[in-house]
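Before anything else, here is the set of structures, which you'll find just below.
Here chain A shows up in two complexes: once beside chain B, once beside chain C.
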Partner chain A sequence: MSVESDAAAQITQLLGGRIGASLLLVEQPQPDTLRFEIDPGAVRAAAKALVQDTPARYLITVGIDERPLDRGFAIVHLFSLDSEHLFLALDCAVDSENTRIDAITPIVPGANWAEREFRDAIGVEPEGHPDPRRLMLPDDWPEGVYPLRRDFRYDYHPPSAGNVRPVLREPPKGSSVIPMGPFFPTLEEPAHWRLFVEGEKIVGCDYRGFYNHRAIEKLGDSAMTYDKLPFLAERICGICGFIHSTCCCQALEKAIGIQAPARARYIRTIMLELERIHSHLLWLGIAAHIVGFETLLMQSWRIREPVMWLTEEISGNRKTYGMNCVGGLRRDIPADLTAKIQEVLLPVERELRAVRQAIVGDTTILARTKGVGVLTRQWAEQIAVVGPPARASGIAIDARVDHPYAAYDEVPARICVQEGSDIWARVVVRMDELEESLRLIRAATAAMPGGPIRTEIAEEIPPGRIGISVVEAPRGEAVHFVMTGGDNRPYRWRVRAPTYPNLQAVPAMVQGETVADVPITVGSLDPCFSCTERVEAVDIRNAKTRVYSREELLRMWQEKSAPGGER
Partner chain B sequence: MTPELKGFLLLAAIKVVVGFGGLLLAVALVTWLERRQAGFHQDRLGPNRVGPKGLFQPIADGIKNFIKEELVPADADKFLFLIAPALVFTPALLLFAVIPFAAPLPVSFDFELPVVGRFVHDGVMPMMVADLPVGLLFVLAISSIGVYGIVLAGWASNSKYSFLGGLRSSAQMVSYEVALGLSVISVFILAGDVTLSGIVENQQQKLWYVFPLALGFALFVVSALAETNRLPFDLPEAESELVFGYHTEYSAMKFAMFFLGEYAALITMAALMATLFFGGWDIPFTTWDESEPSLLKTALTFGAFATKTVFFVFMYIWIRWSLPRFRYDQLMALGWKVLLPAALSYLMLLSGAIWALEQLGIEQGPLYGFILCIVNLPAIYALFWVIDSGRLVFGQRLQRRTMN
Partner chain C sequence: MSNGALSVLGLCAVNVLLALLLAPLYEGILRKLRAVIHSRQGPPLTQSYLDLLKLLGKEDLRTSPGALYAFAPALTLASVLVLATLVPMGTAPPLGFAGDIIVIVYVAAVSAVLAILTAFASQSPYAFVGGSREMMLLLAVEPVVVVTLIVGAVNAGTLATGDIVTWHTANGPTISMVVASVALFLALQAQAGKLPFDIPEADQEIMGGPLVELSGARLALLRWALWAKQLVFAFLLVEIFVPWPSTGTYYIDLTLALAKVLLVLILVAVVDAVNPRLRVEQAMRYYARVAFVSLSALAFAVIGM
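And then the complex of A and B:
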């Protein structure tokens, strides 16, 4: 993908005009990446210039402990300039003694969680952040211990800070609280919404999530080497694992400066689209279950099943294929399976049409979804929502088109956009995307070239290179940022799952709705907490009947999750 | 105590045991039917392991419920918490007492037992537990009591989900009782009788009321769905948002009581539909069943009644597995803004039509029914047009276009 150099020059000129001498360095490590080193004092002005004067869209912020490299702490704000297929990185070096930086959340509301996360992880304080509470660390994590600093060993277990309750907002006067979660029938994973209600009408809400942080990023940049990293990435999510492993591989390939062979890129495209089909069908079932339509749940999961069998034949697994490696693939699709893909998809397509008719013809579904959970285009842009929720609010973004990867430059995808901004629009977008995926798989299998499936990495990977990659997951755009380090390991690896920005839109979506609309509104985002939090569940077995106090449960949990504890 | 009274009491006791025992057995079978039928709707098997075709599954479930742990929340109001399931379960069973489930049976006996003495009965025994003179009014009265159980369950649990579920449920059941009652009034007008045996006899001799009262039947079906808290109107439970609403905190047998109560109410409502609108135990296309009571006739008419009831149970389950859940405010809007005005105007229309027919001197019979049937058609069309809001049937093509 060639970048028009005048776009890069224009942005550089704009930033130079706004922050003057605070713009320390401009470089273009890859054709699609533009990196600005700026003075931390100018970060807010620079972010303002990007989001207000260019169509740049906020992606994520990476906090890197670069003290061993004598740069203090690096705070890298990533933006995407979709029209120019360009990633912009605002890299600020924060002094290691005075760990403060201006928060950009007042200008870019979408940066809310990301700034709280680097505060938790490396201990840089975002100044002027509207909500500087703990985000991802557990409640009993001691203050002043920052897990993503380089001097924090990945297997270190800090002492508990005792019985600390999370800081949760109090309801406004006259309203009461209905808790939704941490465990709730329609949430497949733990998340705690605190709904403030007047009668059944919602007047506000608060969120506490990140209950089971798995520290995958820490593992990735300490314990794992490059050859293991894609397999760890695949385990970020049980549904879109291949998306994360592809994204991780692509980021590393970019950093290294190699490209996977054409056949590997086509196979990645096919697998990614298969994953989208089964993920959307899974979502359709869950959404139907939330509105009490059990038959559609069963039917859509039945339709989904042949797709899983197909991926099992291709990769040996229904999920978590383990096919990706840096530089290409470990496993080819044999010729007879290429024919079988078409065969399997035909009935899927036919049945999808029937399901579509059933949904369109259902007054109740329409009444439950039309005009409910509205996320206006303006809010969606501010929070930097991605994927189907963004497209349902009329924002035509799709990583497959904005930053073409795998074979999407040769088999272009069509962006499915709806203007409704409500849950119904999200349903329609996903139904359209299912058809689009089927078309893409056909096109990709027909055009798939022969040849090798893996590019060998000839020499050792030099440290200090960065690679940014995005992949359009079923839930939206996944972002992986890699900075290479020595010892055959990445120095920093940052994953942003699509649910991360999307969940931040929930308060705006449920405001003024009734309690009954909350599950389907949250469900319409197709939330995936394990991606977002990079999580795992701890199970507590109690053999005898007795009452456990909160303290006892906490203690049990601490004993079990201590290194070497019972699992 | 006279031998006749003793005979009557003996028969009554037998009817109570057989009637309610049969109903409980039917409840167990319906829970099995629901799961099997849901399985077939959803292209899966459903329970098929315990006994032939999984028929003993309800027994296994019952045993499980008996040996499960009974939980009472620490802050619950214990007395109300314990009494609530019984308040739901008992009225659901009681309703069945006034439904005639077969043609009257001739019973004659005269025997003497040691200690208790002589028992005598000679004549026709009505095949219902109690042929109350207030008949259908008893149904309306008792079915309202079920609401108390649900409200108390919600209140006593001391949980927000339960409380909201209980509130929703009381609002829902009170609202739909109005529509239910009004739709039943149309039956009263036509039958001129409130006893269920009288209504059945009337239909048996003349015409099934579903034809002259088609819209009344439609209103009754919808209200009955809401009255029994079945999907698409299962808002009080609302699994997805209220964690099963009023019975969130209930476990084991107390939960099973709610469950049984729900299915008993389901069967009773299905039986009421059969009785009020489909001739009860009447066997269609024959006049043979109007002949003298006999054992054969009782058996066959019971078969007819059971077939009709099972059909409506089947319909209930079918509806449940075909529709998504409404939202609470949509449900209340449907009840107050559509069903209630519809029921009221229908009553006016019907009374007007019947008054006109009487003025014209037309006797109740085929022509009478045919004219009322014609009167119903535009009313049904109008109601569905309103419920549909020009979307489903009338605007589907338009909608498909917007989606594509």
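And then the complex of A and C:
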């Protein structure tokens, strides 16, 4: 047992007091990570001790198939102790014959999706889960086939089963259903809310998502290698790609035990903040569009455009920069471009002030956002909401401060908090963060040291190491967990995008509102479905029973669209 | 047929053609203006004509077999065209008679009710929500229109639109008429279906509401009806409440009226461009206040101011 800091010793003592002999092992693989091996029977008591007697915040659960390592299944609940800059991992070994574990959702409501997900993915049953429906697998996926088990090949296609429908709740008596999705004008990606309404008033809702599965985690631990992983991670999201590649690299760097050089960490900071600026401006436009304010949409995207040109000059791409690699960066920012960053950002800052003044004084915007989509602090904490929605409900969390990474230890960020808990508070938080990002970029470019941009990895990466990293994405905190494996690739790679917890807060936010408020309420979370839905293995239409070639599809389309053709 | 009947018929045809043929042009100008405010280049001025032409040639997909659902868009356009013959455009209304102001109110309501019926007949939950929003908005806006027209009637001592215009041209502005014109202008924003009151259509919330299950020619007809309606209502506003200068020469008066209509619609479009959408109950509260303004105009009119 090796426990270094005071806080770690206190937590260990607390857990030991609560679950006694069920606490099997404590270790601190990195200074900021504390791992507890516990008996699965005590998982609920341990989780309860953490969330009720310490300020620990639930992050995510990782399910790992460790049968090839002769250990059954591992269910690892991750928590963050922000004040002490610590990650806590509750690691439970589940027997490979009796695949059950107590669900912690009754105590930690934020674990709802995560527990359904490990049930879907590796087949460990969370017992006592309040809503044990399928979460991420397609509706026609066969029972008993678990895509994240090690014996499931990443390119396996189970046969599809024709006409199946999701299990969705029925509306309460006296109310009717208004569907929002799976395709809807204000949802950029497919997601299906079933709104139960009386007149225009929402009395309940149900959700079915995960239509965008792309098998990214499975690919990461079976088809990719460490050097390819950051590029795959960058493609998790089309907006915050650099966030995911940075987070993935940092998790791997931690597991390996190396650190990126100072210059690389500064450049990561600059790129992360540039990404926040263009993402928040994108969001502002979309939110304006949702309430019909097209002028603000057009203007905020016009202001955003020079930032995109700047990232294109730096990296060669408007988005998906491809700059990160494990150990640092592949591409430096030349000196003349460092100067140009300031030059580009000056007019952005000036125009942002004008936009801010315009929307603060707009009574119609205030009428549509104040007191609407309220997420109380208590709910936000229970669901473990992150990012601007959490900060707008008065919770001062920000990964840049709670777990400083890149250069945020030397260029500290200020946490922008509001108490309003409504959509307007989320607008203000993001407007404040835009200013803060501009300040951070200025500070980081001024203080940027010279030197190399990449640390070479000298030796073979040993298996069985874990690394946990968080990055504050524009939408909230992204979490990457890696466990290293043999053959030059991770054994398990778990990604939690910020939208994953935030979407779970939607039912609480829309209850009692009108249909008119639902799009802007969902939009105020800045949801990103493709980030959330990165795990899955197979496109159901492309099942093994029949694979259409491009020519065949083209011919079928021509036949169907010919006059008198089948429709 | 007498000469008088012929000229009435001719004027009717002129008004109907003005409403039909100029409505897309005005909409095109507004679209261009909106684009400029957006820092966009925008479509050509003729885009609305092209849109109508394209839609008229498109397939008509129907979600319901009902006759009402099939014919309501055409009836809506027809009712707007009837309204055009009752509204002065450059000269007295072609179908004017002693009491036509009451008919104007009814025909205007009919076109809105037909749009609502189209929505309910299409059996889509989104159209249903759109239809009920349209109804609530109609209940809030219609009183404003009625009261402002009554202000004109009380001032001129007649229920004939043409006589009100003649009276206003001769006697110049009064406090009551100015206040009433402001109220009617505010009502025009909702009558034209512009932001912040495009609540029944609300693309981002209910995907076009009454329009969601319309396609092809029927969509074209309903669009056309909405554009013609905003033009006719703008004529009603400028002819009754801003009739000056009046030369008595039809062509000059018509040109002046067209220019004034353009100015009014540009104002409507600017308000549209700088506002997000309200919720329907917020819009109803807003029009309750506007109704109060129009009632104060009526009070001024009754005491002869």
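Please note the rule applied: the second predicted complex is superposed on the first by the 528 of 567 C-alpha atoms of A that agree within 3 Å, B and C clash if a C-alpha of one lies under 4 Å from a C-alpha of the other, contacts with A are read in each partner's own complex, and residues count from 1 in each chain.
Note that in this section a contact is a pair of C-beta atoms (placed from the backbone, for glycine too) under 8 Å apart; a residue touches a chain by one contact, two chains touch by 3 or more.
Everything numeric here is computed off the predicted structure, so don't read it as measured data.
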Fit or clash between chain C and chain B when superposed on chain A: clash
Partner chain(s) touched by A:366 [first = chain B, second = chain C, both, neither]: first
Contacts of A:516 with chain B and chain C, given as first, second, both or neither: both
A:428 touches, of chain B and chain C: first, second, both or neither? first
First (chain B), second (chain C), both or neither touched by A:312: neither
First, second, both or neither for A:198, with chain B first and chain C second: neither
Intersection of the chain A residues that touch chain B with those that touch chain C: 176, 178-179, 184-186, 200, 288-296, 298-299, 302, 362, 364-365, 367-368, 514-519
Residue numbers on chain C that touch chain A, as the complex places them: 34, 37-40, 125-126, 129, 132, 195-196, 198-199, 202-207, 273-282
Chain B partner contacts - residues on chain A that touch it in the complex: 176, 178-179, 184-186, 200, 288-296, 298-299, 302, 356-357, 360-368, 428, 431, 514-520, 545
Complex contact set, residues of chain A against chain C: 176-179, 184-186, 199-200, 288-299, 302, 362, 364-365, 367-368, 514-519
Touching residues on chain B, where the partner in the complex is chain A: 38, 41-44, 69, 160-161, 164, 231-232, 234-235, 238-244, 321-330, 388-389, 391-392, 396, 399-400, 403
